[in-house]
C-alpha cells in the first residue's frame, strides 16, 4: 500500500513546478495569453522539449508510456500553474482518440503531437447533446473511397488552433444510438470545414465547427467510435479531476495567506473564528478530493477492479470534485472580498477554470446520477 | 395584507401560554407523563374546559368553528409547551375524519370529543405502507348490515387511549388503489380488536391494532375514504408544521440562553464567532419556517388558490420544516454539548418531538418529491 | 391573516402592468439583456418612468416622488420583475437622494433633486476604500477645511459606474475622535473637479463597471457638505438600512427561476427533458422552496413597515437569504445551460445557448459581489447575532 | 501508487475472516444487536478474542499484544466491521493500557495489564467535568498528597459505563501553575474506594450508559500515580491522539451504509422500491461518495503511519468527517425505516421494522455524542486552523 507519487512521477511534477516558477508568473501567463492564439507557441515547444507532450503515449509510438497516474501527476501541476496552453485538448482528447484510432498515418501523427509540431482537437459535443456524447446528429456518408461529414459540432476544445480534427459522427442509427457512431480524421482546413472560434471563461479556446460535405478518413471500426470515446473518457475524467485538485490546493493556499495579511476592524481577518472554520472546511474539501483522486488512481490501475466499481469510482470522483470545487471557488472569492472580484488577481481565474472543468463532459448532477445508477441499480 | 394572528387568535394562544406557565413546567410535564396513560386525564379535562378541544369543529357541531389558522395558532403553542396530551391525534386526525364522516351518531360523538369525554384514534398506516396512505391491505367485507374488518394497522397515534377508532380499509381494488378505500368506525374494545400499544420517542403513544373480523360501521361513501383522508391531510400538515415552528422557536431561545451562561476557555461560549454565526443560521431557519407557515395559512384560506398551488405550498412547507427542524435540532444538541444528551434537560425532548413530526405522514424526501411533481411535472 | 390586496391596490397593479407592457418595448428589452450601452439605455428608460411620475418610488410627493405605500412599492417591484424590466440605477435615485431630501439644505435639494429625477446627473458612491471594506469606519480619505472649501485627498474603491458619473457622494474624514465613527462627513463632489482620477477595475465577469476613484487635493465647496460636519456616519447608516430592504430581490429571483424552468423544458436528450430529471428538479426545488419562504419573509417585513415600523435588523436576514438564493439560481442557470455557459462571445453568438450562456456566466461571476457589498454576509451575521440574538 | 495488500497480508485477511465467521456466532450477534447485557456479552466476546491472542491490537507483543502493523490492524478492523462484530470496550484495552505500558511503572504494568487483557477489570475514563468539557484543562478535581496517599475530591462527568467499572483512570489537579495544563496528574482509582458515588445520567437514547462520578475525600495510594506528578496532561494528550486515529470508523460506516441499501430494497410501495427512488438514492450517494473519500483519507494516514510517521492533526480531520458521515447515516437509516423509527419497545417489537427502528433511533440519538466527545468537532476545527493552516 502506497499512496504517494513515485520518485519518477515527482521528478516529472517538479520539472513543471520549476518551469512555471521561472516562466509562468501570473503576469507572464497574461502576456502569454496576449498572443494571437491566446497562448504561447514558444511554451508549447518547450513542453515538447521537456517531454511533457509525450507522457500519455505508448513507448511504441515514441511516447513516455505513462499511465493514468502519470497523466494525473502532470495535470495536477498544470492546474496549480493555471496553464492555458491546450495540454488537455491535445494530450488527452485528441491524442487519446488518435492513439486508439486506426488512422493510416497514426505513428507519424503521434510523433508530431509528441514533438509539438501538430495540434489537434476532438469534435465530440453538439449543441443539443448536453452531457450525452451519444447524442450525435453530425452524419458521415460514404463518398467514393472516403467519407463526407455534414452538420455542426460545438465546444470543440482547442478547436481554433487545431490542424487536424477527429470527429465523432453518425454512420447509422437514431440520434442517440451508441452503436452507430464512428470516428473520422480530417485536416482542419479541408474543404467544407468552417471553424468559428471563441475564448472560454478560463482563457482557453474552443470552436463550433460546421461541416458541409467535408471529406474525412474513417479511423475507427464502423460503429466503434463510441466505445473508443468511452475509453478515453476514463482518462478525461481523471485528468480534469487532477487538474481541479491542483487548483483547489492553490486556491486554499492563496486564501489562507490573504486572510493573514488583510486587516479589518484592527486585526487580520484570519483571526475571526467564523472564517477560520470556513477555511478548515475548504481544507477538508481539498483533502477529500485529493484522497478520492488517489483512490481512483489506485483502483483504475488495478486489473482486478470490476467495470461497475470503476464506474462508481470515476463518477464519485467527478461528483465530489464538482461539489468541492464549487465550495472552494465560492469561498476563495468571498474571503478575498472585493479583491476576489478583480481580474487583476489570480484568484478569479483559478475559480473560472474550476467552474469550466465542472461544465466539461458532465456536471455534478449528471455524474451523481450515473453514480446512483452504478451503485444502486442492481 | 396582514400576517399576524388576529386578536382572538392571540387570546387563544395566550390562554395556552398562561396555562402552561402554571401547570406545565418541564418537571410538571414529566409528572404528567408518569400517569398510567402516559399523560394527564386531568389536563385533558382542563383542555376541554378551556375550549381548546372545540377549536377545529364547526359551530353546528358545537365547536368553535376555527379555521386552519386557528388550528395552527394553538398547535404552535402546544409545540412550545411540548404538550404530550394527544391533541393532534384527537382534534386533527380522529376529529377531522369524524367530522367529515357519515357516522350515524356523529353529532353526539363530536360533542363528546369537545367535552373531553371521548378519545379516539385514526388507524391509517400499515407496516408496508411507508408514507403512501393508499397502500392499504386491511379489508372490510360486508357482514349482514354491517362490515367486518381484518388485518393490521400500524402506528395508530393515540391508539392505546382510544375508545373509538376510525379505520381506513379496503373495500375494493388492488393494494394501492385509492378509489377502493372507505372509512369505518368501531369501538376500540369491540370483538376482534386487539390493541398493542407502545410509547413513541416523543413521549406520546401509539399502537399497532389487529382486526380479526371486527364489526364496524361504514362512515364514508363506499370508496370515498381516501378523498376524505386527503382533505384531513391538509390540516395534518399544517398542524404538524405549526407545532414544529413552536418547537423551533423554543429550541433557539433555549440554545442562545445556554451559550450565554456556559463558560469554556474562560469566556461564555456565546462569544465564539463560529457559534454565533451558527445560531444566526438557526434563527434564519426558524424565520424561514415561520414565514412559509404564515404564507401557507394565507394561501390555504384564500378561495382563489388553485389545487396545484395548494399542493406546492403544503409540500414546500413540510419539506422546509423537515430540513430546518433537522438543522435546529442537531445544532441545539451540539451547542448544548454533553448537557444536550441528557434526559434531564428539556432540549433533547423538544428535538425528539421535532424528529417524530418529520416521520409522520411523510419525510423530507417524500414531500420534496411531491413538491417536484406539483411544481415541474406540467 | 391574509395576503390579499385591497381593490385599490389591485387597480393600481393593473395600471402598472399595462404601463410595463406598453412602455418596456422589445427593443429596450434586447438592449438591457445584451448589457451594452448601459448608460444611454438606463437614462432612456428612466426618463420614460419619470414622464409617468414613477421614477422616484422612495421619494415623498413634495420632491417629485410617488409617495407610494409599501404595498404599492411591492406591487410595482413585482410587476417590474415579471416584465423583466431593469431596476433604476440606484446611486442617484435610491441612495443619495434620500440623504439629500432628509438631511440636505434647501439649496441642495433645489440644486440636485430635479436633475436626479430627470436622470440628468449620473451619481456614484464613494464609501469603500482599499483599507476599509466591511470595516467601513476605518476609512482614511481626508477632507481638510480651507476657507470656504474642503481639500479632499484619498482613494475610494469598488465605485460602480464612476466612469459615467457627474457626481460622487463620499464619506470623508474631517476630524479625529475616540470613536472612529465620529469625525466622518458626507460630501457631494463634482466628478469634473480637478485632481480626480478614475482608474478602471476590470472584474471577473470580463466587464468594466468597477473603478477606483483617486482624490489628489480636490477642492470641494463647503456648501456641498450634507448636514453637519462630522455627522456623516449617521446619514450614511440611515441610507444603508434603506439599501438593505430592497436587497431580498424576490421578484428578480422569481423571474430567474422561471427562466431556468423554461430553459430546462427545452434541454432534451436521450433521457428526456432536463426539467423531468428528478435530481435537477430537486436542486431547483431546494431553491424554490427557500424563495417561497423568502417572499413571505419579505412580505412580513413589508406589512410591518406598512403599519409604521422602521426597518430593523430583519433587513440583514433578507439580505443574507436573498443573496444566497440569487447566487444559487445563478449557478443552476449555468448548469442548465451546460458547457456553453463557459463560452465567451467572439464575433457573434454561435446559437441561442451560447447567448444565454454568456448572460448566465456574467451574472454568476458578477453576482459573487452580492454577498460581499452593502455589508458582507459575514457582517450581516454579526449584526443579527448582536442585535437580534443579543450575543 | 497502489492500494493492494501483500500476499502475507492477504493470507492474514483470510485468517481473520475465518475467525469471525466461526467465533462471532449468531447468538452473540443477536445479543449485541439487542444491546442488552452489555457487560457480560462484551466480556464473553473479549475473552474469545484474547484466547486467540487478538484482543490487544494496539499493544506490543511483550505485554501480550498482537504487535500488528498498521495494515494488519486495518485489515482486522475492516473484517470486524464486515462481520458486524462489536469493537472491544475501549477504556481498558485501548485507552488506559497504552498509558500504562508507555508511562507506567513495572509494578503497574504487572498489576493491571494481564487483568485488562483477560477482561477481568472493567475500566472507565475520568476526564470531563461539569465545568471542563471542550476546555479539558479547566478541570478542578483535586488530589492532595497525604503521606503515601492522595486525597481526591471533585466530580467527573459523562463517564461511560462507570456503573460496571472496577477502576477509573482520572486526570486530577495536583498543583497550581501559570499554565493550566501543568499541575495535572494521571491517577488510577479503585472504584470500590470509600467516598465514590456513581450517579446515573439517563441520556436521550432512553438508555443509561453515562454517569457522574463524585469523589468525596477518596483515599488513593500514591503508587497508583502514572509517571511523574503534574505530568498527567502529557500522558493524556498522547492517548487522545491515539483515540482519534480510529475515530474515522470507516468500517462501521460501510456496514451501516450496506444495511440501509438492503433495507431500502425491501421498502416497497406503489412507486416501487425505496432504493430506486432517485431522491433517496441521491441522499445516499451524498454520503457514500464522502465515505469513499474518507476511506482513502484514512488509508493515506495509515500508510504514512506505516512508514514511521506519528499521528498529527490529520486525526482531527478524520474525526470531523468520520463523525459527520456516521450521523448522516444514522439519520438516513431512520428515514428509510419511516415512522417506526420513532417507536419505543414496549412488551415486544410489533414487527421487524419496529425492531430495526428501535436500533436506528437509539444509535441516532446516542450518535449525537460523536461530534461532542473526544474533543468536539468545533475544537477539532480550531486544531486544524491552528496546527495545519497556521491561523
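Structural remarks
So that you can tell them apart, the chains are marked A, B, C and D in the order they are listed, and the count of residues begins at 1 in each.
Going forward, contacts are C-beta pairs under 8 Å (C-beta built on N, C-alpha and C of every residue); 3 or more make two chains touch, one makes a residue touch a chain.
It should be emphasised that the depicted structure is a prediction, and the values quoted were computed from it without experimental measurement.
Among the other chains, C has the CA centre that is most remote from the centre of chain D. Averaging C-alpha coordinates per chain places the centre of chain A 43 Å away from that of chain D. In terms of their C-alpha centroids, the spacing between chain B and chain D amounts to 38 Å. Averaging C-alpha coordinates per chain places the centre of chain C 53 Å away from that of chain D.
In chain C, the residues that touch at least two other chains are 278-279, 282, 378, 381.
Counting only residues that touch two or more partner chains, chain B has 272-274, 276-277, 368-369. Chain contacts in this assembly form a complete graph, since each chain touches every other chain.
Those residues of chain A that touch chain B in the complex are listed here as 272-274, 276-277.
Per the touch definition, chain A reaches chain D in the complex via residues 1-6, 69, 256, 259-260, 270-271, 273, 276-277, 279-280, 283-284, 287-289, 291-292, 294-295, 297-299, 301-302, 312-313, 316, 319-320, 368-369, 371-372, 375-377.
Contacts from chain C toward chain B in the complex involve residues 1-5, 71, 261, 275-276, 278, 281-282, 284-285, 288-290, 292-297, 299-300, 302-303, 306, 314, 317, 320-321, 378, 381-382, 384-385, 388-391.
Residues 125, 127-132, 134-135, 154-155, 176, 196-202, 206, 208, 263-266, 272, 274-275, 326, 330, 333-334, 337-338, 340-344, 348-349, 351-352, 355-356, 359-360, 363-365, 368-369 of chain B touch chain D in their complex. Looking at the complex, you find that chain D touches chain C at residues 278-279, 282.
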